[in-house]
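Multiple structures are listed underneath, in structure tokens.
Each of the two complexes below includes subunit A, the first together with subunit B, the second together with subunit C.
Let's look at the complex of A and B:
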């Protein structure tokens, strides 16, 4: 039984183009598309779709795990994810990733499973989102 | 008439048990690759040639791509049936996701059909204005197999 480990992902900055590109394809609501409309909205400014945040959280989680020698393949479950605050234009995000032991087996071929707790933080160390998830890691490749 | 009512109703008017089949989408190889390039840049998801030799025996969609398309189909549906997509919105922001499972791979050309059912309404009042509605959301492929399911809590404006 090894101890839980915690690693940070590389940082990523969400620029306006990236937020609007995602929104046009997947979440075309005013507060993700248009600065003026967003200023008057529940969020108070142009901000990223929560689904873009989810996708980025998984990407950063994968990068953090791979950097730590854990061969992340994909995410298979999100047991819980909560959006805590909007992510605005040019906010920088880092995923803090905590994980324990590998569990045998996964729905993904040739993989085992790892339960992971992720806190997505902005540059002011404020939590933007938190999620607990199960990911698939390639069998036999853990360093 | 009923469309107008759906567009204008508030939290109190939305019944538990309401069920909608709200959209379908056929996933193309190109859009799968474009999504993966930004959000899951590994060969299984973004390189159709290399993916043939990898664990799924071909390109598969990024899990979050299926969720992103859920959102798009929901927005399209709400533009017709719910008030607010172009104003302050009565059906507002998402709060949390629970029990999100991706169950089967989705390959180029697969068609997903999305459904949601209102399963509960919280007594909690957020910022004196919003109630919280929980729905169960599922996506089925062209064979009728469930490929994704999750529950989500979403704010809905209260009448009182």
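Let's look at the complex of A and C:
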């Protein structure tokens, strides 16, 4: 059994338009849509939908794994996802991705599986979300 | 202890532009972006990102609960999410939402919690995704 590894993704920054665009389509809550309503809300400012954060965390996870030489194909299952802090306009996010051994088999053809623990952190090293996922990795490629 | 209840959301349909727009921002895989590449892929056609499906399932869950008189505020935690079938262009989706008793307390102020089981179904009554979530509901309002 090999040791668990941990890799960081590239950083991304969320702008206001992206937060509002996502919310209009998928999560039309006042604190994701309107600055004034958001300032007066429990979050105290315009912040991103948790589903936008989840999708971004998954994308950053794939990028971090590929950068580390892991043949990531897609995310197949989320076993846990929790939002810990709001992500505000211009916050910078990085995914810290930890993983262990490859598990044989996957619902995706010609793939095996990898369980990953993802902590999404802001520029102050505060965790904004955490999730555990199972991802598909191409069979036979060296990790 | 009250009996578990089950309610259905309104139906929605995913169009091609919405699938491609989401994928460009959050999940840039060929089978979410390009019809020809998708036709040749393991899915056999252009299909939506699982994260778009998750976000839509969450939105439909809120709508179903509000329609049923449950004072849904937001989703606070996902305990499990699994994608079972691809969702193709023009597929119609409905969320079946089951829930039991209100649990005292929530990370959201002035709210309690409700655990919900969500099955997202297509027009052929096939499950395309399932998830279990904890949602915040306004304290003191009758369910």
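In this section, the second predicted complex is superposed on the first by the 142 of 143 C-alpha atoms of A that agree within 3 Å, B and C clash if a C-alpha of one lies under 4 Å from a C-alpha of the other, contacts with A are read in each partner's own complex, and residues count from 1 in each chain.
We take it that a residue touches a chain if its C-beta (ideal position, glycine included) is under 8 Å from a C-beta of that chain, and two chains touch if they have at least 3 such contacts.
The shown structure was predicted, so the numbers you read here are calculated from the model rather than taken from an experiment.
Shared-chain residue A:30: touches subunit B; no touch with subunit C. Of the two partner chains placed around the shared chain by superposition, subunit B is the only one that A:41 touches, whereas subunit C remains out of contact. Within the superposed three-chain model, A:79 lies in touch with subunit B and with subunit C [touch as defined at top]. Applying the stated contact rule after C-alpha superposition, one finds that A:126 touches neither subunit B nor subunit C.
Here subunit B and subunit C are compared by how many residues of subunit A each touches, and B touches more. Touch criterion met: A:50 reaches subunit B and subunit C at once.
Residues 18, 22, 25-29, 42, 49-52, 54-56, 58-59, 74-83, 108-109 of subunit A lie in contact with subunit B in one complex and with subunit C in the other. Across the interface of their complex, subunit A is touched by residues 35, 38-42, 44-45, 55-56, 62-65, 67-72, 75, 85-86, 88-89, 92-103, 150, 155 of subunit B. Of all residues in subunit A, only 18, 22, 25-30, 40-43, 49-52, 54-56, 58-59, 62, 73-83, 107-111 touch subunit B in the complex they form. By the touch criterion given at the top, residues 18, 22, 25-29, 42, 49-52, 54-56, 58-59, 74-83, 108-109, 131 of subunit C touch subunit A in their complex.
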